[in-house]
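Please read the structure below before turning to the comments.
As written, the chains take the letters A, B, C and D, and residue 1 is the first residue of each chain.
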Amino acid sequence: MPLLTFILMTPMAAGMLCLVAPSRRIMAGLGVAAFAVTLGLAVVLLRQVLVCGVVTEGREFLSADALSIWMVLLISVVSLATSLNAGRYFQRDLAAGTITPGRVREFYVLTPLFGAGMFLVVLANNLGVMWAAVEATALSSVLLVALYNRRTSLEAAWKYVILGSLGLALALLGTVFVYAAACKNNPQPLPSFNWSHLMSVARQLDPHLLKLAFVFAFIGYGTKAGLAPMHTWLPDAHSEAPSPTSAMLSGVSLKIALYALIRFHILTTACLNSDFSRHVLLGFGLFSMFLAAPFILVQKNLKRMLAYSSLEHVGLICAGIALNTPATIFGALLHMGYHALTKPVLFFAAGNIHQTFHTLEFRRIGPGVGKILPATGIAMSMAGIAAMGMPPFGLFLSEVTIIGGALATHQTAAGVLILVALLASFCGILQQLSRIIPGMPKNLQDSKRPGTDTALAMTLLLGVLLVFSLWLPAPVCGLIQDASRIIGGRP
Amino acid sequence: MNPNPPAIVLQTLLLLFLAPLVSGYMKNWKAKLQNRRGAPPWQVYLDLAKFLRKDMVLSEHASWVFSFAPYVVFLTALTAGLMVPMLIAQAPLSLFGGVLAMVGLLALGRFFLALGGLDPGSAFGGMGSSREMTISAIAEPALMLAVFTVAITAGTTDLSRIAQSTQDAAWKLLNPARVLAFAALFIVLLAETGRIPVDNPATHLELTMIHEAMLLEYSGRYLALMEWGASIKQLVLMTLLVNVFIPVGLAGPHAPFLGLAMSLIAYLVKLTVLAAAMVVVETTNAKLRLFRVPDLLSTAFVLAALALLSTFLFYGS
Amino acid sequence: MAVLSTKLLLLGLLGYGMGAAAGLLFFKRERAANLLSFGCAALAALSNFISCVSALATGAAASSQSFELLPSLIPLVRFSISPDPLGCYFGIIVSLLGLAISIYSVGYAPGYYGRKNIGVLGGFFNMLLMTTTLVFLADNALFFLMVWEIMAMTAFFLVSYEHEHEETRNAGVLYFVLSHLGTGCLIVGFFLLYQASGGFAFEGYRDLGARLSPGIRTSVFLLFLAGFGFKAGVVPLHIWLPAAHPVAPSNVSAVMSGVLIKTGIYGMTRVFFDFMGNPPNWWGVTVLTLGTISAVLGVLFALMEHDLKRLLAYHSIENIGIILMGLGAALMFLHSGHPVLASLALIAALYHTLNHAVFKALLFLGAGAVLHATHTRNMEEMGGLARRMRWTALFFLVGAVAISALPPLNGFVSEWLTYQSLLQGFGTTSSLIRLMFPLSGAMLALTGALAAACFVKAFGITFLAQPRSDRARQAREAPGTMLAGQGVLTAACLFLGLFPTLVLKLFDPLTRQLTGQQLSRQLAAVDGLVLSSVVAEGGTVSTLGILLLGICLAVVPWILWLVFARRTRIRVAPTWDCGLRGLTPHMEYTATGFSKPIRMIFKTLFRPRREVQREYDFSPYFATSLRFESHVEEVFYTRLYRPMNQGALRISRRLRALQAGSIQAYLIYVFVTLVALLLFAL
Amino acid sequence: MNSPASAEIGSQIVTLMAALMLVVQLLMIGQRMLLTSIQLFAAQSVLLAAIAAVVAFYHDAGHVYVVAALTIAGKVLFLPWLLNRLVRRIQIHQEIEPLLNAPTSMIICGGLTLLGCGVARPFTSLERLGNNTLAVALTLVLTGFFLMINRRTALTQVLALLTVENGVMLAAVALTTYGMPLVVELGIFFDVLVAVMVLGILVYRIRENFASMDTSKLNQLRG
């Protein structure tokens, strides 16, 4: 049975149904159901991929290897958590009158489409289709960012869409170049533009052209992935979107763009067999990490701070891939997973805080969140500690793996730089969170205020995170190892 | 090596009864030098006896520490005294500890003396304790450094061994290191025994007194213990100086009675000279302001450091 | 025997786990949480104590095998531990303190009933003890780093336990940040070792130093020195210590000051002696110098404090300095090829580690009891407690005598060993360097004397004379369990002080592991009654002998009483008040006043500022009211850390201008990047 | 009918039209009136479609005609109509004020053209028809980018984005034998349409909320 097609279709169908669904409850149910199904399908696929490397469908239109399945898993989990969280979230927003039912429907329609788009990105075999899918995710998420029709959210959306689509135009140019390279010395009129085929002929492709292609693709997808200095839209969009959307943006959509970038990186490295793309990725990865730290340190707005921390983690993943040793790539992919489980929790918590205090500024929130919203406080501090890279949470493991891999292969400078950047952002996050979570509320009627303290989705994610931090099941581990083998990395 | 009881008893009695006499004589000579007749040297014994017979007044604010302190002061001084060779080169209890233990014991006595000063809650006591601890603290490095120089040359911290090691090689007496160290220790001695220019044992003028301030609330037999302890401490330190640096005439381990007598005489002569020197210093100098004392003691430290340096020059390199 | 001790060890770890679980499960029911969590902790600590002592005494530790605590389910990490002599020794420290402090906590925790969550306190307390034990036992670098970080984190939560006060929150953050910086150094250090040995197991690191290139070796040394120095509180990395210890609950401060900072010492010993092989001379010189500086500055800053717990915290810095002196000397002796002396210095350092743990914990528990009774840490509001809290006063006095290195207690013994190793070190080299030994010895003497001064002040102002406030006036003696906890440690102080030769037997496997020597026989003379410095005729001391002798000499005053004072009476009267209308607490000497001479003598260091406002009617000498303020500057904070912190913030604020909100600017960033990359690619 | 001579003619035509596209682009950069810019964009798209048609004709590749047709339908007719309608709906005044004055912009564009040629030089061998089409395409992309930076109002940024798109399509047509596979072409085409619609929606909402089209007013989110 065509599992890949199902994975694509289920959310799409859910989204379409939401257009006509009579009640909000049903819409919420549809979302949850859809992503639950995709999660199940992903698990089934995981086994298949572990057995037989690659799964393809529709005359190789769709194909899934370990890397794509890993992404599919992440997308499904995060989207599932988001849909779980969204129900109560919008219920309260409606109650508070900050949003209209029409917009809520918009959310429920667009979110599954957003998810479907991401699925297409990772499952498409054809680079052109992949590009189109990325564009689709961008467009669907833009409207989600603009969901509250506030001035600021419109501003954020505008910056997001302008920078995003400009970047994607450049990415398209890169794609075109790759295709041109494919055409160059190719007998039949329409050569296949499929990933699998390109990899097989990578050696014959024109290196200059691929170099150029990589540059454009890097700028393009790098903008979408929020690598500095193309990241400028990122804090705006993350802070202005409704928290569930922020969770999805930071949890997966950044990594999806990164996925596209990685595909190009693999191709370029295979063709040039030089370190060109590596060095570019490493440089920008480190730059992102170092740029993020000071912004975290003096940030005034909770969600913006979280966004910058995402920037930092993306940079780390990028650097891990670029360091190009089995250990570092493994660590980077692992980090993708753990970060995808951690960051949404923080954004959900930020959502609760926002709805309780009606502000996201640290100064106005003040100390004592833990007193007013106990569950949120606990969840947030746990996730915060995880995001700071403290054991027993897995991010410690993945970060240490990356740094260790770097030092083990005598890329000492890079490893140390990564560590320094991590230390800096640790200080920032710790200092910021300890401004709001502990302590006594400034005025006591604050503590009387009816808090919105739902923690279902957060508990779920944290549970999964904790389990996977202490126990990485053999299949998953194998999957990641296969994925890192796909990305390559000289031993 | 093992402690022999007769020696212990002998030295204990010597410490107990020689100490007051020494302070008595020093008072007396001081008076003489200041053209006063002064009290007879044995006056100190009479004072002690008088204190012992008198009733005691305890402060109502004081706790058990106040009554505990005199015993500690007295006993630590006495115990420390048993580690210093007085007549026999082999100090009776050198096995139980060398110079480090001796300094430690005196410090323990001082610790409780200061607590006893604080306990009744009078401002004088506090002031006394504060100054006492300060001065002893800045005197300590000089003291230790001076001791180290001799300890290093002798390769031991055991006082009897130090004495013997210098005894058998008489020329070491004139070794510059020793001379400098001796000078340093002499200054420290003035500070530790509360003599002018650091403290004035003869005054109860509140601005100048240190040691006496801590004893203000003590009376009767506790006062006796305190005074006696103080004089024993003074004797111990003086003995340390004379016998460790100038171990002339110290009797060997199994000396016959005559030998003991000889060494007693030698000891008394050395003590007399040292005491005289201290008295002269006391009468010819004025008391220093409290915040000038560190300068004096740092001089001592520098002397000790120089002594160390010269040791380095001598010590086979 | 070895099997048994291992079983007990695992049992203890399990016990801590259960304690933590119980605390967090019963967080709704205070009494249950208190009894269960701290009870578990006490039992676990007891079994660990027995296990470690037996392992060292029977020499089973020497032949210890590394084994996996539990099978690892994640890549790379192996949860493998090995109770080797060094680990066991520090295990003794943590479990002994754990036992006493847990008993104490049962009585201490009720002070929080109704205000705070006891379950959290108990749970994290257990977790702290467990992780600390694991830090000492872990023999896999990644596992070590994991438990190290968890330990730091647990300590952070415990420090911020009373997070309602801003002071506490800031202290917690400061501690966590500095500790994490340290961890950063450790991570790099360990990965450099990993680079060289290709593995994470400690076996692979044994004597690795010889195989490292000089550059790597130096950086490894510096990294570990800094990394563990942050935790140990070595000057100038110490500033978190006086901030964090006072604000933590007192039982936690006791653990932190007694055990937590010792993990730094453990790490240095492990790396420098176990991994690095024969060190270059400047390592030892550096450590010795750092130690001397820390000791002197620590005690000087302590003297300026009138916050009882801050004062104790500064003393921890001082004692860490003394320990480092021993370690540094040992390194220098190893370099100059005197393993016996090296072992002596090492024993001195490690023995002092144990002693400091015991008496510092005892003092913190005493301070906790005082805090519990008076609800203030400010010594100026105390006084007269010796009559209200007799036992606490007695225990605190014992601790004070011990920490001032006065005979016959344990502080004196370990410092005596340190002196001995320093003095005998003079002969080991012929270079000018050897002057360092006696000079640092003199500094050690200064430290000891100042410490004595400081504790005369601490004990005198806190416990003696009249109460200075109503709080002190209404103070009551602490409950039985708290006294029991202090009692255990007091007993330990006496035992460690009076029977050193027994304790030193435990060091044989340890020194055999680290320096290949075994000294307990040379160290004991006269069938164990006397402690002797290793080399013949180096000097001997017998604290027990001194004590007994003192007791015997007590016959002298007794005889005197019989002879003279039989008919004397004792009268209780007010202290002489110079004829004023009675003596009030205001007339007593204050803590600030007590330390004034020192403050004046070292004013270049303290830069004291004072403001006096005097109101008077006719003559300034008869003031009707007087306001006195005096401040001392924490030089390292004001001159080093604050500027760095402010600099970082300033730079960050500058950078924020990049994100100024103009989309044109953002487009330009992308554009420039594109052009740059195109040129790069050409 | 692929005689070399006729191929020669074809390539000249393509080159000419490409050059014309560049000229139009420069005109747009100089242009200050909004509606005129829209028409210029339409003209540019016509040229693009024509090029596609020529390519299709000389390689008789059926689906490239489709591309040409889509371009006509979308970029020549629909989008300009849509934008015009938008302009009328929200009465924006016609004047667009650029950040830099015309001469400076021209100089910069000259530099960008040089860069484009420099980058494209190694790949002249790839071009099936026409010379330096790739250079023109790159120049279009870069100048379009610059146009985007140089204009403040939202709508002109949309227009600039579309010109960048044109550049990319030109590259696609010029570099590859028969244009991209049809799936991709369709995907791209619809994405562009949706993008413009989304942008339109946003422009409309922004106009509602800010009572202005000036994107430099969108600077609330900082730091």
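Points to keep in mind about this one:
The criterion applied here is as follows: a residue touches a chain if its C-beta (ideal position, glycine included) is under 8 Å from a C-beta of that chain, and two chains touch if they have at least 3 such contacts.
Here the structure is a predicted model, which is why all the values come from computation and not from measurement.
C-beta contact counts were set side by side for A-C and C-D; A-C has more.
Averaging the CA coordinates per chain and comparing them to the mean over all protein CA atoms picks out C as nearest. Chain centres here are Cα averages; for subunit A and subunit C they lie 45 Å apart.
Taking each chain's centre as the mean of its C-alpha atoms, subunit A lies 78 Å from subunit B.
Subunit B and subunit D have Cα centroids separated by 101 Å. Separating the CA-averaged centres of subunit C and subunit D is a span of 71 Å.
Among all residues of subunit C, those that touch two or more other chains are 656, 659, 663, 667, 674, 678. The set of subunit D residues touching two or more other chains comprises 119, 145, 148, 215, 218-221, 223.
Of all residues in subunit A, those that touch two or more other chains are 158-159, 162, 166, 170, 212, 235, 295, 298.
Chains touching one another, given as pairs, are A-C, A-D, B-C, C-D. Across the complex, subunit D is touched by residues 126, 128-129, 131-132, 135-136, 139, 142-143, 146, 149-152, 154-159, 161-162, 165-166, 169-170, 172-173, 176-177, 179-180, 183-184, 189-190, 193, 206, 208-209, 212, 235-236, 239-240, 295, 298-301, 304 of subunit A. Contact residues of subunit D toward subunit C in the complex are 99, 115, 118-119, 145-146, 148-149, 152, 215-216, 218-223. Note for the complex: subunit C touches subunit D at residues 656, 659-664, 667-668, 671, 674-675, 678, 682. Those residues of subunit B that touch subunit C in the shared complex are 2, 12, 16, 49, 52-65, 71, 74-76, 78-79, 82, 93-98, 100-101, 103-105, 107-108, 110-111, 114-115, 118-123, 125-127, 129-131, 133-134, 136-145, 148-149, 151-152, 155-158, 161, 216-217, 220-221, 224-225, 290-291, 294, 301, 304-305, 308-309, 312, 315-317. For subunit C in complex with subunit B, the residues that touch the partner chain are 383-384, 386-387, 390, 393, 397, 401, 404-407, 412, 416, 419-420, 423-424, 426-427, 430, 432, 434-435, 438-439, 441-446, 448-450, 452-453, 455-457, 459-461, 463-466, 526, 530, 533, 535, 537-542, 545-546, 549-550, 553-554, 556-557, 560-561, 563-565, 568-577, 583, 585, 587-589, 593-598, 600-601.
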